[in-house]
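I have a structure I would like to understand better, so I am pasting it below and will then ask my questions one at a time.
Letters are used for the chains, namely A, B, C and D, taken in the order the chains are written, and counting of residues starts over at 1 for each.
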Amino acid sequence: MSKNLDIINNSESVVRSYIRNFPTVFTKAKGHKMWDENGKEFIDFFSGAGALNYGHNDDSMKEKLIEYITKDGITHSLDMASDAKADFLQKFNDVILKPRDLDYKVMFPGPTGTNTVESALKLARKVTGRTDIISFTGGFHGMTIGALSVTGNSMKRKGAGIPLQNTVTMAYDNYVDHDTLVYLERFLDDSGSGVAIPAAMIVETVQGEGGINAARFDWLQKIEQICKRWGILLIIDDVQAGIGRTGTFFSFEAAGIKPDIVCLSKSLSGYGLPLAVTLIKPELDIWQPGEHNGTFRGNNHAFVTATAALDFWKNDNFEKEIHEKSEIIYSFLEHLVADYPQLKGEVRGRGFMVGIASEVEGFSGKIAAKAFELGLIMETAGPNDEVFKLFPPLTIPKDELQRGLEIIEESIKGLIKEPVTN
Amino acid sequence: MSKNLDIINNSESVVRSYIRNFPTVFTKAKGHKMWDENGKEFIDFFSGAGALNYGHNDDSMKEKLIEYITKDGITHSLDMASDAKADFLQKFNDVILKPRDLDYKVMFPGPTGTNTVESALKLARKVTGRTDIISFTGGFHGMTIGALSVTGNSMKRKGAGIPLQNTVTMAYDNYVDHDTLVYLERFLDDSGSGVAIPAAMIVETVQGEGGINAARFDWLQKIEQICKRWGILLIIDDVQAGIGRTGTFFSFEAAGIKPDIVCLSKSLSGYGLPLAVTLIKPELDIWQPGEHNGTFRGNNHAFVTATAALDFWKNDNFEKEIHEKSEIIYSFLEHLVADYPQLKGEVRGRGFMVGIASEVEGFSGKIAAKAFELGLIMETAGPNDEVFKLFPPLTIPKDELQRGLEIIEESIKGLIKEPVTN
Amino acid sequence: MSKNLDIINNSESVVRSYIRNFPTVFTKAKGHKMWDENGKEFIDFFSGAGALNYGHNDDSMKEKLIEYITKDGITHSLDMASDAKADFLQKFNDVILKPRDLDYKVMFPGPTGTNTVESALKLARKVTGRTDIISFTGGFHGMTIGALSVTGNSMKRKGAGIPLQNTVTMAYDNYVDHDTLVYLERFLDDSGSGVAIPAAMIVETVQGEGGINAARFDWLQKIEQICKRWGILLIIDDVQAGIGRTGTFFSFEAAGIKPDIVCLSKSLSGYGLPLAVTLIKPELDIWQPGEHNGTFRGNNHAFVTATAALDFWKNDNFEKEIHEKSEIIYSFLEHLVADYPQLKGEVRGRGFMVGIASEVEGFSGKIAAKAFELGLIMETAGPNDEVFKLFPPLTIPKDELQRGLEIIEESIKGLIKEPVTN
Amino acid sequence: MSKNLDIINNSESVVRSYIRNFPTVFTKAKGHKMWDENGKEFIDFFSGAGALNYGHNDDSMKEKLIEYITKDGITHSLDMASDAKADFLQKFNDVILKPRDLDYKVMFPGPTGTNTVESALKLARKVTGRTDIISFTGGFHGMTIGALSVTGNSMKRKGAGIPLQNTVTMAYDNYVDHDTLVYLERFLDDSGSGVAIPAAMIVETVQGEGGINAARFDWLQKIEQICKRWGILLIIDDVQAGIGRTGTFFSFEAAGIKPDIVCLSKSLSGYGLPLAVTLIKPELDIWQPGEHNGTFRGNNHAFVTATAALDFWKNDNFEKEIHEKSEIIYSFLEHLVADYPQLKGEVRGRGFMVGIASEVEGFSGKIAAKAFELGLIMETAGPNDEVFKLFPPLTIPKDELQRGLEIIEESIKGLIKEPVTN
């Protein structure tokens, strides 16, 4: 075994996880490619679980980052003012918010997804004076106690070691055969239901960790209407589905809804650096100064790359490109399901956030393992890891995308030839 | 007003805080100095609230970071293996753990202080099967619901919008006139006390946000004994006091105790980049793979600078240097208290984590404001911001330290001449 | 106003409730009749909300009670042994448990419904080591914090003043148009649902306070199967529906299920005296001695009358009689719904636990008020008091039952002649 | 073994407790005496754990009760009006409240101690909008989840099976060697303490179950002042200490304080029948009608005997008599401690609520067991059952009191002769 792998396996807590599926030591990355210490090249269909939508080490961002570091720009600033932060806010307003007719205030809640979720939940409770949050089956929002309490996965919930409180789980779209919102509305409408009108609902438009479940647009629209009817705040957790992953900057744009609070992180910095924002409708921005704080809210390196990354959104070209490539992916997945009935597969997802759920127990994991052997990095998702999940960088060239898809097909073929047992 | 400041004040959530005390736009930083967009120079006695113990943009780390970025080293890796991570783990073991006879497993819980605290609390509950955590008056551990539940500040607690549960607050050292541990032991010893044997106690050896309260070594030793007696895990939250701030790498070294779990963040990366680790006694490392995860656990830029920063600890020189300079600071503070009785001041703290609590309401804030005018950045702390807090970089040259102290004295003199009213 | 009414209205807390609907002072009661201080006679279709299934002051029980008091039998005994308690246990085993092939252990949890519910929840959590309880929409289980946490009514829940925790509400039978158990099973089956496998489900076979909702037998059977499949304890709260109210001693007999834990109170003592038992499958009876206690567990007067009341169940006659009379009631209600379309009524319930839900807002309350004027006591139920609820004593003679039903019809006729407005 | 005892031991849940200490079947009781089925006579120094302060089956109450039952008075009335209830309220106002210059509204919260405690906690939270309750070490308030959350005993708390929340435990008087209120005030005064200003404090003036701890009057007065200073409601749980047990009707009279809410039960009905009231300052009586309800709030048999029992308080005679006899008891206990140093005893308590805490492990239990053999019923208390507890009826004749005390001394003598080992 590699000395480096050895060090990690001996020193790092057993909680480590991805290293178990991708047991090699990576040393270099560019765009959609990664290389390990043996020089083996991989196509990355994982993209840092959605944190690398623009691929690895984008040259334009890299240049600006090195320049900033070189000139001794402020690295760490808490929530003091820096020019890098002002530049980011200006451009985020100009390129993202204004063209979409959004006027959110921007909160820096700490640099990770779970930080933005926690800040959203706290603010929703503060604004409404209510305690409960409605979350949805299959939801994933983070590992700190507040975010974990709205996360569905039972193994992760048990990790809390305490009962998780002040939340109610409702059925996500397509959870059962009939309209799940009938159920939700009945609970809210009936004062004897035992379910209180909540402070907020927290929703992913497409659930990543939960198994690549895409809510229909009209389901999302009805959720927005239900929230309005009862004065419930609508929080869209766009940490994984946002920043282009489903085809638009915000994943909810296509549904035509305007959430009260939006959580962004992962690909926001563009370069894979920790950054998160919580977007808040101005009338809800009633925090006390410092009521929520944190040491790494002012990660200026991330401001610099995030600002550069916004260039992708200055016009429609990037959206169009994502759209074209996502059609390729989708067709490919439909082909797999149709032509490999042994998969017992179902295509899931939207845009670049797609996968196939296989009813054959353990099969998705085997496909991902085989693909890794063949030089493609791909994750599984879902409560039983039943989905293999395609998360290429949005910037991947079409031919390379094609090459990645072929590796997947090759992996499946190989497994079907082998007897599929558990 | 500056256009940049304008952008921030208009776009950022009202939760922003430090910008209110330091209302200028910073553009450059080096060592113990910062410059704003007008070219004004400041001495930094704040150090990113303890995240910049080695000062800003240290040249050695900077060089390694630029080199790493230039060669397209892995930036973001979740918990996959990277050479940068292996290097960090190896050096952390060699330079920090082994020489101190510690054999902790290293968990990457997400890159911020609140992440490491949450992971520590979760693990302690999981290991013991108990639910309660004992925290201490004046404690500060973070803003996510788990960490907030062990934080004392009432304004921040109310920000949760829900009752904070599964914790018991006990009196920190010197909280009242007699030994606070008599009380603690009585509660634990008495099965009718209503206080259950907790999973863990979480302790800061010196409380930063709580008002620069330093626990005596024998108090800490007794805490360790009490924990052992009842099978309670001892968590030292060394996020602010660690990495040299009190004179040694871990703040608890001088007390001769060995915590079960240690939380590190802030200055761990050396360069102000988001990084945190949770150190766990091997026998307690019973996580399920992936039971606690997070997107930014593999912040390789931070691994690179953190590895470089460990050079400071290869021998005793740095500790000695800290010690010498902290004596200067301490003498200065004693001089202030003695010679400016109008302060009604009390010297607090240890090492480079010191301050003066002034009984005159609002006076500490005025001193900090005055010092800012005169080119020195300094924060207040404590439940009523009654403490002005000296947090220079550990690396500050003696003459510059002296210059900073003089600005403080000048600020006080100026205020005493003015009528001190509220 | 009556002096007595005056005293009560001035001295008793504003929380008083039934006195507002029945504003007179009662002084005497016998069987199905009550008299007020003015000598006005009322037919009682309320039966102490199900606590007086055998009517008021039954002569046989009365005789035994007076005899016991006269001879200075033990009145209050905590859980010391008394002959009255032994007699009750013996007869309860002989007349109730054995013939039904049930071998429950009998716990005296305190003398009220909420006491038995609390003990059941505590035991279920203790036995399983799990924290959550699944309750159902429309459920009513009591006013203490544990019981309130499984109660649906939002006004009563808010009365807690704290968030109610460790419970999940699921849809009762007929809550929506499709099978509610599809939802329940999906939530339990999916490890990503956010709903943990609970310690227990607590179910009323017919919901009284929730609006006289009767679950179908096959729904109850499926609930039992679901509980078995996942090792969930099934608690039947038979406080209101038990002791003959639905036609059999236990309300669940007709459904052919055997709960793990049964809660009984209300009519258990027969005479309206406070008494409750928690019936526990022997293998679940793992309490520590004294782990749940209470001052009034040994209410021997209630033991005496409860023992006497069991005579009703020595053979099938009483069940047959209940059945015959309940058919009369049911036919009458169907006639009302059919012949008074202005009611927009729906017949609800089973046995002697029936009512009509009227879609006309406030109408049910008006019917009850009118009936009170005409000498009949009757309650409303449901989240919006939309149901008028017929709860005559099971022992009411047929002609008197008929007379009561006529008063109801007369009340409706009177109201329909009047313009029905709100 | 007795057939009756057999039935109970086989049929009743293992949670049964007192029957284990007093393993015989009681059949008759009068005043301070009980008889078992073998005709053995016992002196009762237990008094139903304080529910029988007037002794068993008092003739005057008995007569009124039989008369009421005979004439078919209302037995069960929920919170409808009855003449028996009006009579009780009138006399309670006339004899108890007015002479003491108290104008409480009377709530019937359900007939047991835990019901009144739950109602008090709910109301305090509702009135203040705060969630926390401060309780005290050694406190005992009941077994339902709300009351259990303010109870100290760890075995009973664990019985909940869930973490008990929204409460903070503070040290009762004499819990440590210095003034415990210094701590309490410091916690409340310091906004960084982690302890929120609570809705209420719940206090027993003398703790029964907690080990017969009597708070000093000036401690209680300071508690009242602290509550006033911070707008905290003061709840006195007088369930065990009230109704004359400490020498006055309310136990807090001698301390000169006026609680905001008072909980009464146990001896309130006089005859051992379930009854409880919650007394509420009029301005705090802001319940919604029916917001807290319960089936057995209208236990009219208990109203009848409670009304009769108030005759004891029509003048000072009863108080004087209690005082005289309690001096006898106290002197006797001091004599025991002085003359039997083997006891390592400490006298505890006030009035008729006294005992001796023995440092010799298990000794108090042995004394109680020996006394039972010799015909005296007496309980132990305290977290480790280290206190033997003298709770004779207040009405016991002096010579019989003396006889009971002699049995205790005899028991001790007998044990000292035997080798005292565990």
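Keep in mind that, in the parts below, contacts are C-beta pairs under 8 Å (C-beta built on N, C-alpha and C of every residue); 3 or more make two chains touch, one makes a residue touch a chain.
The structure presented is a predicted model; accordingly, all values stated were derived computationally and were not measured.
Participant: Consider the two chain pairs A-B and A-D; indicate the one with the greater count of contacting C-beta pairs.
Facilitator: Result: the pair with more contacts is A-B.
Participant: From subunit A, which chain is the farthest off, judged by mean CA positions?
Facilitator: D
Participant: Can you check how far apart subunit B and subunit D are, centre to centre, with Cα atoms defining each centre and the answer in Å?
Facilitator: Those two chain centres are 49 Å apart.
Participant: Centroid from C-alpha atoms only, then distance subunit A to subunit D, rounded to Å. What do you get?
Facilitator: From the centre of subunit A to the centre of subunit D is 58 Å.
Participant: For subunit A versus subunit B, what separation do you get between their C-alpha means, in angstrom?
Facilitator: Subunit A and subunit B have C-alpha centres separated by 30 Å.
Participant: Give me the residue numbers in subunit C that touch at least two other chains, ranges are fine.
Facilitator: 131, 155, 162-163, 165-166
Participant: Please name which positions on subunit A make contact with subunit C in the complex.
Facilitator: Per the touch definition, subunit A meets subunit C at residues 131-132, 135-139, 150-155, 157, 163, 165-169, 171, 175-178, 182-183, 186-187, 190-196, 210-211, 382-384.
Participant: If we count contacts the way the header does, which residues on subunit D are in touch with subunit C in the complex?
Facilitator: Touching subunit C: residues 3-5, 7-8, 11-20, 22-30, 34, 37, 48-52, 56-57, 62, 65-66, 69-83, 85-87, 89-90, 92-93, 105-115, 118-119, 121-126, 129, 131, 142-147, 149, 155-156, 158-162, 165-166, 199, 239, 265-266, 271-274, 278, 280, 285-296, 299, 301 of subunit D.
Participant: In the complex, go through subunit D and note every residue touching subunit A.
Facilitator: 162-163
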